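Next up, some structures in structure tokens.
Consider the two complexes below, in which chain A is the common component and chain B and chain C are the respective partners.
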Partner chain A sequence: MKTLSLTDLAIRYGFLLLMAGLIVIFSIAKPAFLSPQSAVFILQSVAITGILALGVTATLVVDGFDLSIGAVATSAMMLSAYVMVIWDMGAVAAVVMCLGMGALVGLVNGLLIVKMRVPDLLATLGMMFLLVGLQRIPTQGNSISTGMVLADGSAATGSFAPSFLMLGRHRIDFILPDLVPLSVVFLIVIAVLVWAFLELTRHGRVMYAIGSNAQAAALAGINVAGYRVLAYVISGVMASIGGILLAARLGRGDVASGNNLLLDSVAAALIGFAVLGAAKPNAFGTAIGALFVGILLQGLTMLNAPYYTQDFIKGAVLVVALVFTFALSGRVGRGRG
Partner chain B sequence: MPRTAITIRGLTKAFGRNAVLRGVDLDLPAGQVTVLMGANGAGKSTLVKVLCGVHRADTGEVRLENAPFYPESPAAALRAGVVTVHQNINDGVVPGLDVTSNLLLDSLAEGGAVFLNARRMREEARRIADAVGLEIDVTRPVAGLALADRQLVAIARAMARNPKLLILDEPTSSLSLAEAQRLFALIDRLRDDGVAILYISHRMSDIRRLADRIVSMRDGQISGLFETAPLDYSGAVRAMLGHEITEVDITIPPPGPVVLEARGLKLKPESQPFDLRLHANEVVAVTGLVGSGKSALANVLFGLDRPVSGQITLDAQPHAPANPARAVAAGVFLAAKDRLVNAVIPGFDIQQNLTLPFTARHAGPLGLMRRASERAQAMRSIDDMGVVCQGPRDGILTLSGGNQQKVVVGRWLAEASRLLILDEPFQGVDIKARHDIGRRIRDSAASRATMVMCAELDEALEVADRILVMSEHTIVGDHRNENIDLPRLMAEVAGAADRTDLSA
Partner chain C sequence: MISRRTFAALVGSVALLPGLGLAQTAPAPLDNPGQVDIALVRYLSTGDFFQAYLSGVEKQAAALGVNLQVFDSRQDAALQADMVDQAIALGVDGIIIQHGLTESMKEAAQRAVDAGIKVVAFDVNVENPAIPQVEQSDRDLARLALEAAVADNGTEWVAGYVYVPGIAPLDRRDETWKAVKAANPGIQEVAMFGTLDNPIANSVANQARSVLSANPNIQVMFAPYDEFAKGVKIAVDEAGMSGQVSIYSADVSTADIQLMREPGSAWKATAATNPAVVGEVSVRTLALLLAGEDPGAQVIVPPTLITQAMLNELDINNMEELGAKLPAFAHADVAMAPWMTLPPR
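Let's look at the complex of A and B:
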């Protein structure tokens, strides 16, 4: 029992080894890869997808799925722009309304699934289409930017609050001046919070029980419906945070951006299954999964791989990760406490 | 003497070390309805699965009309003329298709012409339906039919193959009385056509209506065969439940105050209302056949179902929990039956399974789990229940069935309750685990009322101070577990109608 077999070791540490190997290879090929600036760039590139992925992890834990996260994020981006540029309101109002919108969408998703018994994939897919359309209606399909011309011919009077833009653009002095973007700090704080919630609190424990055997959880007196809804609310709020950071980085409500958010964050969460042989959704794995994708893409970019190969490589990594999870570990969940 | 359709000799089947069939000898004559009775785990479903080609027997001989019969697959059994209609009706029909396609499904599945001729198919379907007296529009989708019609479609589909043996596994369990009558009429026709019918059921009314002979099964063997009229129904139930009851040494403690009281409780619209009183320091076993209402009673008390009518009080307060969480908060716990479906969290370790219902007890501020407190509770429960394991962090699925059961029962013993309900707590466990669990239930019973649902009579006798008998969703017997009148108790188990027979 004490000595782990080779397969066990492969399942447990295979993915982390793969990641270390990639870092070594990229560093040898391009020594600049190891610089602090490069590391920060990687973190910044994964900050938004990482936060979304942590949200989707919460729904995966209760054996659900949230396909609407990308649409929630872009909706939050458009909403924050609309609130500040067209309604001329401040940063706080924009952030509060975005978070409220994310929570509301999550609540509706949860109720559709729990009360109306719509299968999770279909409910959140429907919500995705609905939001993708809805976010374009107030501006007749146009992007929102400072001073834009409104439907009645006048120019918009509001603008993005500097404090709002700071969320996406400010950098903190850390070792080097202006090194760490605020969005990276958000990612790290949220990752730690989600990890602590899922692994250390009784609520996380109960959510894992629901994901493993919902009927047994219900018969243990657990409010299964309530926790399911909670998972979608968490997912919605995380996605709206991602959207706020996206708006703050771009400084406009861009209808064309955010197309990759859904696929990238789902990939990160699913890759997370393979990390440390967890074979189940987990916050630590999701964060590593997001980082893995970021390292891979940054390395390939530095090696001048064309941009259009990136989706293919992400897909290949995801497939390999799923093989790690399901084939090698034999579908047995390992309790990691 | 009628021709024998199927002959079974010395049939055995084991799953791992668990011998399920231990030498079954059985003849099924053509043109007769043979009713097969057996408690949970007696081996009847395994026997059926061997006959319909799902499982292969380990040893023994099966002959169908004197030819060796060892089907490799359900399709092979069907081709040979053994047709099975399963308990779950939707196993036998495809709800999304119309009646025609369902009736012709087997020939469709076997292939043939690439394109279908709709008119010819409808004619063929009507011919099949007529043959079994099924009057139905064959163009209707099966999803829109009543349960009984679906079942008749499944049987008609099966009959299109001129079967030699028809197996019906609890076919009336979801039918209304009128619907069942139509099924019985069809069975009468098939019997007259010379089909051998194996009918599995516990419903006494069905059995009285249909049976030409009754076979009882127990512990993987045929324990009784009754074929001389009038049929000895009570004898059949006795043979199914077992003759030898082990004398257990139970000292009945004086019962405490009434904990739970029910008045005029009606579980189903058509069932008789009954009263129920459970005292502290008392272990009450509720026995009865499958479907007699034991689980229905447990579900009402645990907030999973609402009774049709009646009042329930817990410690003199009204008790009508809206859901299990409320029931647990009120101090009513239920250890559900079928642990793998209803109790075990497969992704969790032993400790997490043990503390599942009461995580709040081990949580501090912000809901953070206190590891030490949780571990201490797990160690106590493992010790109390005698769970054989390496440590509390082992995966639950690494345990044997008996030890898994100890864990899912133990999780409800970790906290004090007012009423603890255990639904089939000895299901699928070995004799040692059964004794451990029973002893632990009794030892901890002083301050609460305890209700144990068990279909097996000797389990009830082993654990209870008092035994209640349920039949047709009402309580028909109440016995102190002391010099118990077993024949009378078994007669009560066999059904209300039988009591009049015995008293005559």
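Let's look at the complex of A and C:
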């Protein structure tokens, strides 16, 4: 095995080193940063964007892009609130309907792109606007909360099921009692599943093959259209899981466009390109990317940095990560590995 | 200014004296309200506050019997100015400008005034003496909430503060916070944070978690916007600190009431004006102008303090019950005239 040059080392481990350095700096500035609680809430703060980012990763792998995930997440949040508060149904119904909605939106996105030949960015952009509007129609633009007054003047009788709220609020004993929130467990489990699917299964490799050269993949007898639709379905389902966790944490259906969720998760997925010099969308990198943004933002908040500096630094990290990916590694184009 | 308004009302009633038996008859042109068209030109519309504001405008317009047309620019400042021109072209009698930017609205508002249209502005300064400003008093909101904080906690506490500069109502609330801090040196602000990334409550919760773990000695969180307070409450609950931290905020919604009433909730009080009432007042101010009366240069809708104890005692569960059980919240006695028909309660 040949020894790695300095540039290779920088490409491979630069980002992880940067992250370790940040942790050291923040811990010196604010010792509270290095507590188990602090580690857990950093994970919690990135759980939702992390799960969404894993969905984005699935579409990036097949050389696609899903702009609708933020809107899918907020639509799932509104839908779950609507199912429980207004239809007075239980947690299981809410979760199943949200996942179904996510899968359906993904399917429609996929079919628009594959069958109708609408470019991916345009199809999902249209879907984004459609959902942002659709989620507000049933409540005439109002947020959904328990006890809200309905259009006919009566008060809503349903409420958020305790088992549903648990999804976003329950904590499991781990080292310390009541330490790890369920949303963090979901993030870790989903990250491992997506990683295993993309890296270890034949399906995952086929998806990378499609991303790098769809025509060659088709000539090799791969069902390109089917896999691309699958990628959007995965993305839609991930986004709806994110929305369910959001609703469980907030305890209400909040009218929101989800644009920040979209931007943050895309940033995490793109930062992921740089991790371990992968230079391609990958689940491990995406999870690290989300974590990196989380560490930065939480650390800066502890140091009382105002919000606009945080946006600035988020942007700077993304630019640096993209430089790592495209310039230092000397490879171009997404999906090349 | 209140005396000026009372004076105007007095003049109005004196003018009506000869027809005392017909005290309910509105002056022209509102005696024939079916012929009166008014337009609401909005800059902000998404969210519970703006939704409730609109419902207040609609109800008061319906009570007066005038025709209302709503223009919604969805945060597009240039489009909002175009919409004022559109309303002028349609020949409306009155325009309510709801939020917007001074720079983009000033000239459009002047064009409307030049066209002989009566104009009222809500929460946007169009720098025009012919245009009365309807305002919810943000300084009073902050003052009421902070007075409650001082009443509950004394004058010596460690505070966290949620603030995003550059948003006019938050800036006005911030002035009061600075004044209260200056007057009470015992109040020690150890952290200031805030973001408007949506969903706001979720983003603020993430920030507040870091702030609480960096400053575990915080006793009071001043979050003068209910979305901020929601986020802080999530963080306080997650950190298991609801016994130690008290939250004071501004604005209220059904969801906020539920959160304040949760057992052991850290959210102790909020000060609010009813957005629906602000909407009603905007229309009434415009009606006064149309009738040739003077509502004054500024029409301020006074806020109400809503405490956790109040909500529990009166068993209030949503905004409607709040209005029914706290009369001060359901109606503001400003921009009134004897001939004015109020929406049914």
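Please note the rule applied: the second predicted complex is superposed on the first by the 326 of 337 C-alpha atoms of A that agree within 3 Å, B and C clash if a C-alpha of one lies under 4 Å from a C-alpha of the other, contacts with A are read in each partner's own complex, and residues count from 1 in each chain.
We take it that contacts are C-beta pairs under 8 Å (C-beta built on N, C-alpha and C of every residue); 3 or more make two chains touch, one makes a residue touch a chain.
The shown structure was predicted, so the numbers you read here are calculated from the model rather than taken from an experiment.
Chemist: Identify the partner contact of A:Thr301: answer first if only chain B is touched, second if only chain C is, both if each is, neither if none is.
Modeler: In the superposed model, A:Thr301 contacts chain C only, not chain B.
Chemist: Kindly classify A:Ala256 by the partners it touches after superposition: chain B alone (first), chain C alone (second), both, or neither?
Modeler: second
Chemist: A:Leu219 in the overlay: touching chain B, chain C, both, or neither? Say first, second, both or neither.
Modeler: A:Leu219 contacts chain B only, not chain C.
Chemist: Would you check which partner chain A:Leu17 touches, where first means chain B only, second means chain C only, and both and neither mean what they say?
Modeler: Neither partner.
Chemist: If you stack the two complexes on chain A, which partner ends up touching A:Val206: first (chain B), second (chain C), both, or neither?
Modeler: first
Chemist: By residue count, is chain A touched more by chain B or by chain C?
Modeler: Result: the larger residue contact count on chain A belongs to C.
Chemist: Give one of first, second, both or neither to describe whether A:Lys280 is in contact with chain B, with chain C, with both, or with none.
Modeler: Touch status of A:Lys280: first partner only.
Chemist: Can you list the residues on chain B that touch chain A in the complex?
Modeler: On the chain B side, the touching residues are 323-325, 327-329, 334, 336, 341-349, 352, 356-357, 359-360, 362-363, 366-369, 390, 393, 395, 397, 411.
Chemist: For chain C, which residues count as touching chain A in their complex?
Modeler: Residue list for chain C touching chain A: 45-48, 51, 164-165, 191-203, 205-207, 209-211, 213-214, 216, 230, 234, 237-240, 253-255, 257-259, 317-320.
Chemist: Over in the complex, which chain A residues touch chain B? Could you list them?
Modeler: 1, 196, 200-203, 205-206, 208-209, 211-213, 215-223, 280, 332-335, 337
Chemist: Within their complex, state which residues of chain A touch chain C.
Modeler: By the definition above, chain A touches chain C via 30, 32-33, 35, 37-38, 41, 44-45, 48, 74, 77, 140-143, 145-149, 155, 169, 178, 181, 246, 249-252, 254-260, 297-299, 301-302, 304, 306-307, 310.
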